[in-house]
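Just dropping this structure here.
When the chains are written out, they are named A, B, C and D in that same order, and each has its own residue count from 1.
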Amino acid sequence: MHKLVKHSLALGLMMSLPTMVMAQNFDDPIEFAKQKEQLTMTANGPANKPWEQYIGDRLASTQRFAKKGGSTVCFSNAGVNNPWRVVGYTDMIEEVALHSDIKAFIHVDAEGSDDKQIADINDLLAGGNCDILIVSPNTTAALTPAVEKACQQLPVIVFDRGVQTNCPVTFIHPVGGYGFGIQGAEFVAANVEKGSNVLMLRILPGVDVLETRYSSGLRVLKEAGLNIIGTEFTGADNAKTKSIVEDYLQRGTIDAVWMDAGATAVAAIEAFEDGGYDIPVFVGEDQQDFLQKWKKMDITAIAPTYPTYQWRTAIIAASRILQGESVPGPEWVLPQASITKANLDEFINEAMPPLHYAMCGCEDMPNYPQAWGGK
Amino acid sequence: MKQKPVIEMQNIGKGFPGVVALNAVSIECYSGEIHALVGENGAGKSTLIKILSGVIQPDSGRITLDGEAVSFKHPLESLNAGISVIYQEFSLLPDRSVAQNIFLGRELTHRGILQNAQMNAQTRKILDMFVGGKKIDPETPLSSLDVASQQMVEIAKAISLNSKVLVMDEPTAALNEAECQELFESVEMLRDRGTAIIYITHRMREVTRLADKVTVLKDGEIAARFNSMPAPEDIVRAMVGRDITQFYAPFASPEEISQQVLCVKGGANASIHNINFSLHAGEILGIAGIQGAGRNALAMAIFGHIPFTQGEVTLLGNKVHLTNPRQAIAAGIGLLPGDRKSEGLTLKQSIRDNAMLSSRALAGIFSSHKANKYIDLAGIDLLLDKMEVKAPSYDYEIQNLSGGNQQKAIVARALSLNPKVLIFIEPTRGIDVNTKASIYQLMRDLARKGTGIIMISSDLPEVVGVSDRVLVMHEGTIAAEFSSGAQEADIMLAATGEMGAVA
Amino acid sequence: MNSLVTFARRYTSINWANINPVYFVLAALIVAIILNNPNFIEPTGYMNFLKRAAPLAILAAGQLYVIVSGGFDLSVGSMITLVVVGSSMLTNNDPAATMWVIPVMFGMGALVGLINGMVVCYLRVPSLITTLGMMITLNGFAFLWSGGAPRGYLPDTFRFFGRVSYKDIPLIHMLPVALIVLVVVGLILYWLMHKTNLGRMIHAIGDNPNTAKLAGVSVNQARISAFIVSSLSAVVAGILLGGFAGVSTSVGVGYELQAITAAVLGGAVLLGGRGSVPATIAGALTLMAIFTLLNFLGMPQPVRQIVQGLILIAAVALTMRRKGKHANS
Amino acid sequence: MNTISLDKPLIKRRPFSFEKWAPALLLLTAIILYVVACIVTGQTQYLTLDNLLAVVGRSIALGITAIGQTFAILVASIDLSVASLISASAVLSSVVMNGNPDMVVPAIVLALILGAVVGLLNGLVITQLKVNPLIATLGMSLIIQGVLSAFVSNFAGSVPEEFQFFAYGSVFGLPFGTVFFFGLAFLAFFILRYTRFGSQIYAVGGNPDAARFAGISTTKMIVSAHIICSICAVIAGLYLASRLRSGAPWIGSDGLYDLESIAVVVIGGTILAGGRGGIWGTVAGMLIFSLVDSFFNIIEIDAFVKQVLRGVIIVAAVAFYSVKSRRAVA
């Protein structure tokens, strides 16, 4: 029951009234420009290990957190309620196994509820076992007080979504949503003629990392003089995605499909396939099913990524901090590469599950591919 | 001392579609007086009381309370005017305490806060007025009390309301002897406090014990008025006097009664004990008794709904142990429940669906609803035709039918399985006179064809008029047996436990 | 349709007031859709509509069994998720596996329905709570089984039912397999509900369980059967939805309430005793038609939600009014 | 004239009322489970007072909602609109406050008015249009959620520091939220136990006909119960706005407050048919939920297993009462 409400809610159009003050601005030209630049910057660190790389050169000193002997790393997780988080969490578990200095890893799962995550963090602090706390916040604003409270007791690492405080030792994230939006939209603009019809498919409104993808994507597409025939929310629902595309096909032609996330990309492609249409230019993501479909049908496509390897980085940072080594901070910006026709084959692995995120940086890990559900 | 009656109903008339329920009925009651209202089922007692309490409105006539004309549109208005009615189905809340029930809707408060202590104390005081009230704790939930105590709570409620008029509808129906005595004392106590009491009962003994005046209702009219206590026989004659011969079918001749179809030996469960009787093909066996005597429990035990826990049952020569109605039906027993609405009908379904319910239930679940090994749609239509069920179509929802036609559909349901034993519980309750006669005829016809019939009825004339043999139950067991032609008065005496078993 | 036939038999002339209003509403909506989007008249238009509505229509027809028996089944949405995720785990993209995976799914559905029914009948837990618990449990189980993300693909043999349309058919041009499934399952559910004893027993226990028991109906058997039918219909809906759009862990969410809404639109009486399979299917089509129309009108999602809320209340309020009139006449 | 309803055997209740003590027994089981888990895993630090308070504090919003839901269920109704209303209340208050301490009171007043209106509408649709409460409140939920998402799609507005006292402040060394919750529970208990209004709530749920005969307006009571239920949901929304510093349109539905509040009430021994139950059972139900959650965290159970178990626990807890009852179920 909650899901109906949640998902229909998720699909609700954003019609923020001018009088209403949004907690965050999702169309920030400064941030847009910054991320656009970061996409082209060369990252520091080992090139074959992007999860250890960082853009920029600010480091945070961590000597005061140095600890002798085995440590206990605690992790408050917003949830493992989507495939991206499942792959990331697996990355994390496997990374923990590589660190002999981490003697215990305590994981609490908030199942997608802010309220619960606040309680979870309180529980972890009260338990007193943690040497360091990793937080992957469910939402930015809501978790800020809890993170602030935690900062007073122990070193904190935040990754994926941020918080509105600078107290964590570092905030790990890839370039970001603007970058993601730019990568896809620029590809579309380069591959269709001016005035072509573009359908924009979004998962749901309100999530910051998705809102920024959309705002930057829209900006780039409009600047390229393309015709946006519609923007629809799919709720990450395959059936709904396919229906939406079928409806648009009934009414006119589609020259390109831009998506803010690729989980339902294959369903969108199938709408063209089943209706007997040519597959247009596609922006997907690094899910295996999309990559394989792309190759099989030889689509003109690109897969921007929001790399799951950042989950590894969080553990690496925790380990370094507890050993007193400095880490990039207060922000650790990871590189965010796209998958293109040129490097597509490197990422395809048919042994992996459909919604495995190819940019997992996990291929060299000991339990690959079984731990990720591969064969 | 008694110049004006507290309550006076004059020339009350009330008709329902096709029936005159009340015709120019007058009754009055003075302060400090118990006025007994007696009559058979369907005589119009309950209609009269419903009019008095404002549940329904009369077509004609007037009601005066303390000399002023009143007209109640809602039970609440009569309650506020000082008239309390204690119905057989209590209007109490099982999960609330005694005190909470007594003060329901007019709780004592002080600055908005419930005065629980005060209410409990007042309840205590009221309950202490009765011999039987002393053992009741005002704070216990009602559901933990026995029926007699619940009855007491109803009376206490009336007292706490300071009602000028109290109407009691067969208050002893579910009480045992000792409890009855306590109740009588309570009622007398109330009378002595100046309450005008209208007391409805079947039982002559209660009338003679309590009443100052007696009104006998019959077929919606006053059959007799006694301003002083008459001989019980006079009351009974006024109640019963009617031409019975045309109404009931003739009894079975000895040849028509053949082999035994059902025999219960030493049957018992939580509500009944020491049940021994047999039923023969071709006979109608009436079971009489007052409420709570175990008649219904006996029917439900035979039918397997609340099974016997002891004793043995022989059906058609075979020992059986029936633990649910389904088995009983399959074994050849049919039942007409006493409460049509809550036990007999599926109101939103069609007449056919209701009539075919049992035959379908016993047939395979995937087989067609149109026909099964017992009967098919044509067959059920024929059966319904034969019983003269009046409806625009048998696809009609049964809730739109009259009680008599509904009852016929339920009879058809039982008959469709050709039962060897048929149990009728209150077969004519709430049914008009003409339909009654046809149901009696139907029962006799069935018996002639070799069915053994048990009829449980609270309607004594019916028991006497229909049964070839009468068993009388009292306090959970069979107290007496009569052959056809028994006197109602004798049966009544046996039912109230005032007569030893008579062969 | 059934009511039409019976009424025709009952009265020589059709009594318009007695035809379930859902059919008029559906017809009006379809006219409105066509006016807004003439393409709808093309086979691809209405056939795609029917293809998409098929899972909900089947699910609602199954849900109707539980509603008529006097309960609710909130677990069907999670059941769909479990079927899709479970099938992808078991088939693992092996086309031959479909042959045995589908029966396994039906077995699982029957088991879930059996458990729902037995908990309600024997532990006497209200169906609302029982199926709520089952909804949470099945959802957890689907995630547990897959580890949170789909682990395999559904082979084309499995997806055949929900995805494929037969093309180049005279007159109608195309015929989705899902529509064939809808017709077949719809007929089976119609037959079972309106032409067999089981259907009558389910009506009887929803109408008055006391009467039913005293009339010899095995109440528990009928009630458990209703839950099993509902779960099995969820399996069919799951197969169609998985076939239509492929694996995901969010497939099926919210379907339980849409199914109940569809049944209510079709005039089913909550808490039991009355309901029609054809009218429920019409109710499901009506719900989908409303969504489609709002889409064509460019109404944003919030409006859709508000409209859904309003029609839900209005449908029940109208049913109550009609019932009230009946009782008075 | 006669009825056979009294002819059935009477089940006399024992002095020890199982149903009365069942919530306490369930709570005790949950406590034992929690304590044993702490001891077995050697994490006895979870048994300190602070920690136990934290356990209680886990589900304050759920508890507040459930208190309101108790009123709705006691009158034999139910309210599925609480989750959307929680979101609406959180968003409304946070937007109105918008970080300005002067707007705290107007925001609270506005939110409470919203609650009263929603409750009134729910009650009127149920009593006047005779719509099944489940459908009426589900429809209302969709409408609220639709209106809400027409205006906002993310966290909107913010609450000032002062208002965060609700969730983060403390009085007498105890968290204010917890104190407030028990205060509210006590108030609700008081209303149900010691006022005429409370008495009549039970009467309407237990036997509407008897209530009507006693001159109680069932319409008024059902509407009132729904207003109380909605106002509690609004308070829960205010609490969440305070705790999350802002309101978002998904916090109510994400927190599953509609179905979980019903589950809490039912586990607390209030029966869905109405007329029986009480607030302390609901408080016990809420504590059971908190303890089970904490228990899962302590034994570090997998999130998906947790979900499976939660479903089973809800059904098992309700079965604990219902298996003995002879009431008809469906």
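The rule we apply is simple: a residue touches a chain if its C-beta (ideal position, glycine included) is under 8 Å from a C-beta of that chain, and two chains touch if they have at least 3 such contacts.
Keep in mind that what you see is a predicted model, and the values were worked out from it rather than measured.
**Q** Tell me which chains count as touching both subunit A and subunit C.
**A** D
**Q** Using only Cα atoms to place each chain's centre, name the chain farthest from subunit A.
**A** Between subunit A and every other chain, the largest centroid distance is to B.
**Q** Whole-Å distance, subunit B centre to subunit C centre, using C-alpha means?
**A** 46
**Q** Can you give the whole-Å distance between the Cα centres of subunit A and subunit D?
**A** Computed from C-alpha means, the inter-chain centre distance equals 36 Å.
**Q** Distance-wise, how many Å sit between the C-alpha centres of subunit A and subunit B, to the nearest whole number?
**A** Each chain reduced to its C-alpha mean, subunit A and subunit B end up 74 Å apart.
**Q** Among the residues of subunit D, which are close enough to touch at least two other chains?
**A** 141-142, 145-146, 148-150, 259, 303, 306-307
**Q** Enumerate the residues of subunit C that touch no fewer than two other chains.
**A** In subunit C, residues 132, 135, 148, 210, 257, 300-302, 304-305 touch at least two other chains, as defined above.
**Q** For subunit A, what residues touch not just one other chain but two or more?
**A** 1, 5, 8-9, 12-13, 15, 80
**Q** Where do chains touch, given as pairs?
**A** Contact pairs between chains: A-C, A-D, B-C, B-D, C-D.
**Q** Which part of subunit C faces subunit A closely enough to touch in the complex?
**A** Of all residues in subunit C, those touching subunit A are 37, 39, 42, 44-45, 48, 52, 74, 77, 88, 132, 135, 147-153, 163, 165, 241, 244-251, 253-254, 256-258, 295, 300-302, 304-305.
**Q** Which of the residues in subunit C come into contact with subunit B in the complex?
**A** Per the stated touch rule, the residues are 6, 9-10, 192, 194-201, 203-204, 207-208, 210-218, 221-222, 225, 269, 273-274, 326-327.
**Q** For the complex, which residues does subunit B have touching subunit C?
**A** Going through subunit B, the ones touching subunit C are 303, 305, 324-326, 328-330, 335, 337, 342-349, 353, 356-358, 360-370, 372, 393, 395, 399-400, 413.
**Q** State the interface residues of subunit A toward subunit D in the complex, per the touch definition above.
**A** So the residues of subunit A touching subunit D come out as 1-2, 5-6, 8-10, 12-17, 20-24, 79-80, 106-109, 111-116, 118-120, 122-123, 126-129, 139-142, 144-145, 205-208, 211.
**Q** Quick check: in the complex, which residue numbers of subunit D touch subunit A?
**A** 43, 45-46, 48, 50-51, 54, 57-58, 61, 80, 83-84, 95, 98, 141-142, 145-146, 148-158, 164, 168, 240, 243-246, 248-251, 253-256, 258-259, 293-294, 297, 300, 303, 306-307
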